[in-house]
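Two complexes come next, and they have one chain in common, chain A, joined by chain B in the first and chain C in the second.
And then the complex of A and B:
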């Protein structure tokens, strides 16, 4: 009898740490964030009064938030295509065997070995307008941190630097899985590189492409740490993103309700991207 | 046209790897090399001064210890939680099994960065700010690990376990002597992934540590005080110290890394 009782309780004991953590650090904060966004909150974190969607109205008429939202969307719009084109061409160019190709492949995924704050510090020093290597090497005089376009471009470069390692590996793996006999047939039939990609490799790597695009969009909309280290949102808020503003409002200015409201907007944005992924996944065609 | 591909690939890959190359090279620059015109790519007279200063004029070693310690403890706990959870979800029957599994895995949909405000107040209420447990707290649950381990454990027939249990083998012994040895490859891959995730985390450790003595290296690296004064040598040296072991590991393991990405993400 004791044995029986023991075996019934055991599975729950084994999953309890995971379950406890899921509730404590995911569901509870998620629900509290939603509730907070509907209240005014004192500096000590007490709910003062229920105000419905007033925080959202205030948020969407707030120029700082409008800037964050538009910067985040602009960053996503610039970053995702740039990153996909760079990573995919890197994978296509090194989709060969041989020592040189292997060396090139190692170079392409090596940035993955550099942690986020290291790579941001490297960029910050390399792009320093006065003594950084980039301006001096190319004889430029670009004010990378004082010009809004340059700062946004720098953030895109930073984003690509952070993602290229993994995304390159994903594309390479997908390309290597294209059956070689099909490629040989294409070659015998006289297909050129572009045709081979369009009619053969492209369709066969479409599921990887979809996965990378969607995770890129999700990551781009959540970008904050690179902003924090590299540009601090400047110049003139031109690189201030949603999660960065959430951090500023919630931790720096103690505007807890606003921070929670931005967090809720971020949840909604990421949910819609994930829903889009699931819809597309269902329609996804397997060619193999 | 065909012959241009290797050349283009090489040029392109050199651009991508340039920041890493420059960081290592600049860590040996004497001070004057940073302002030399034309710009230098290699040190005029290589020096180790920057390394000496990086360690003596900052708390780099302390930050590094904090990071290694929290990543190590975090990885062990995270793997243990994932393994026992995946074990129960694979080999045991219990009421609510599916819904509980979905509940745990669905946390993947909630981006941690958007939860930091509330998680910070939880950690503060639990008085865990400036503690190692606080630093690793939100990373302890890894739904992707749980999912992958369950997927892997499923390839082991349930009859094995039932036979083992009937023979008087405990769950613990079955796990330790049979299941884990045959899952070694996937467990090691996930552990390496966990270690680098916790080690490289930036935003959360920044929030939960206020005392300098508890700072992790990713946070500390941005506050060493060198780059702010345009004193780049020691800063590049500190970054080189931090990234070199990982670079070597990546170069040495490039084949298994490429294979594991290929199997984990494309599922083939």
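And then the complex of A and C:
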């Protein structure tokens, strides 16, 4: 009896530290945020009154929020495919043995070793329209921080720069795991590079691809730090994203209720996009 | 055995270092340390250090006060850190004195740890009328001077004098109508019709509009409660009193000439490179712009252009101020001694000459050395004259959601220019959006 009791309590005991941390730092704040979004809150953080969905109503009629929403969706739409194409191409190109190939891999992997803030500061200097190296090098006259499209492009470049290290590593590892005997068979059968990728490598790395797509969408929907350092939402709110607006409303203006409301909306939005994607997984992804 | 003794000795030695540290914390009881958090770096940082050293070696030495200046990053960082402590209720960590921007007013003015500057002055029998009226009113909330103006600045027109001479323009523009005409003359295009030099560059934000709206009809308020200086603003007035429509009509005319560039960032760079012939910027940018322009062309400065002939209000005092905080140390009198020192005519003259921030003490203006300095630096003189000629009641706005309002102005005005909206429609839309932020803040008060 005692033995039985022990074996039943043991798993709970083992997961309890992790569960405690999760409850303390993830679930509890999440529920508090949800509750906050249904109240008015004073500057010092006191709940004033319950107002139901009033915050949501105000949020959706706010032109600033409409801009944030459309900017975030546009960013996601530009960023995810660009990033995947670049990272996957880099991984395919460096997917060979030899010392030089390793060197190439290190090049792509290296950006991960630079801190986010410092790399963004460097990027900001590089893209400065008057004294930056990018305009000078390519003979351009692009007002990177003053033109709405250029600023969005810059943000995509920054996003790719941030994600390339990890995503490249994941694709590289996945490609290396494709069994060499299968590749040899394909070669003997006379398959060209594109066919090999389409029928062999592609399907075999699809689980990694899904993972990268999912994390990329999450990153894109939650992008804020590059915005904060590079463009501060400008020009004309063209790079103001949802999480950046949450930061402005919640922390700069001290409006916790509105900040919490935006956080909840961002969560629901990201969650539903990811749910949709996970449904796809069942049909399209093969596990070895 | 030997090892145990060794470990024991080492442990004891290590422990003594803790005691030593503990002793370092307490000061001899007759010296009071005052902490001042500031965002001053570069030229201003050096001037700050000099001022502190002057105090510590003179008045401070006599009265047993040591001022300890701490650079806490940019103005915004100083605010973030101060706010964090205020909200955490561990107010003993607060500095005795903190230098904050105008944007910080809403965050600190109602905090319990704030000590009213007027009270400190009153307790010492110090006459507040020594301070320039416009500067004093710029930190006055509900009839109380809550801070001490310190790094004060105004807005100026910077122009490329060489380009003016080339185009045969002798005088800088006084009004927006004149600005439109001047800008058109200064605009240059290449063979393909692409603009190579714009006459003027700007997209008005709160900073410019405080003046352009406030100066109309002698004095106009942007929001009720006198721009938030007598209470929490509940609605904007610029739509009802027509100041916004009047301004936007002039602005549209300027844009229609094709000589206005809708530039929001790196204006100094665009101006210094000669791509833009005129900009408006803070007087605190003077030294930077002078350095950037160098010998590329002759730099000129002029008063900030008026919206029209009836807009005689002038400009408001912007910049930052010193806030005294209660950190339960009971050193308020000593802090006040230091503030008094910083505000004295001689120190204000030094601060002005070093940094370009204008003196807030009236008595500085009659000093021999000051008039001499203005003679040698006519550009600084332009800013001072403009300020003295302005209506002191023209004040900046204290509104919540300052960032959102800043971008609301910018995007609203751009929309008008690029999507052909009318001035009336734009004014109404802006009023509606900003009223929303104001009501949002009112909801947080109840």
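Operating definition for what follows: the second predicted complex is superposed on the first by the 249 of 288 C-alpha atoms of A that agree within 3 Å, B and C clash if a C-alpha of one lies under 4 Å from a C-alpha of the other, contacts with A are read in each partner's own complex, and residues count from 1 in each chain.
Please note the rule applied: a residue touches a chain if its C-beta (ideal position, glycine included) is under 8 Å from a C-beta of that chain, and two chains touch if they have at least 3 such contacts.
Keep in mind it's a predicted model, so treat the numbers as computed, not measured.
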Touched partner set for A:224, first chain B, second chain C, both or neither: first
Which of chain B and chain C A:131 touches, first, second, both or neither: both
Which superposed partner A:83 touches (first chain B, second chain C, both, neither): neither
Touching partner for A:58 - first (chain B), second (chain C), both, neither: second
First, second, both or neither for A:211, with chain B first and chain C second: first
Touching partner for A:45 - first (chain B), second (chain C), both, neither: both
First, second, both or neither for A:196, with chain B first and chain C second: neither
Partner contacting more residues of chain A (chain B vs chain C): B
Shared chain A contacts, counted only where both chain B and chain C touch the same residue: 45, 128, 130-131
Chain C to chain A touching residues, read off their complex: 87, 107, 110, 203, 262-266, 269-270, 272-273, 400-404, 407-408, 410-411, 414, 433, 436, 440-441, 443-446
Chain A-touching residues of chain B, taken from the complex the two chains share: 1, 5-6, 8-10, 12-14, 16-17, 19-20, 22-23, 26, 34-35, 37-39, 41, 81-82, 84-85, 87-89, 92-94, 97, 100, 103-104, 107, 109-111, 113-122, 137-138, 140-141, 143, 146, 171, 199-200, 202-203, 206-207, 218-219, 221-222, 227, 230, 232, 235-236, 239, 242-243, 246-247, 249-251, 254, 257-258, 261-262, 265-266, 268
Residues on chain A engaged by chain C in the complex (per definition of touch): 40-45, 48-49, 58, 62-64, 67, 128-131, 143, 145-146, 233-237, 240, 248-249, 252-255, 257-258
Complex contact set, residues of chain A against chain B: 8, 10-12, 14-15, 17-19, 21-22, 24-30, 32-33, 36, 45, 89-90, 93-94, 96, 100-126, 128, 130-131, 133, 136-137, 161, 164, 166, 169-170, 172-174, 176-177, 193, 207-208, 211, 218, 222, 224-225, 228-229, 243, 246-247, 250-251, 256, 259-260, 263, 266-267, 270-271, 274
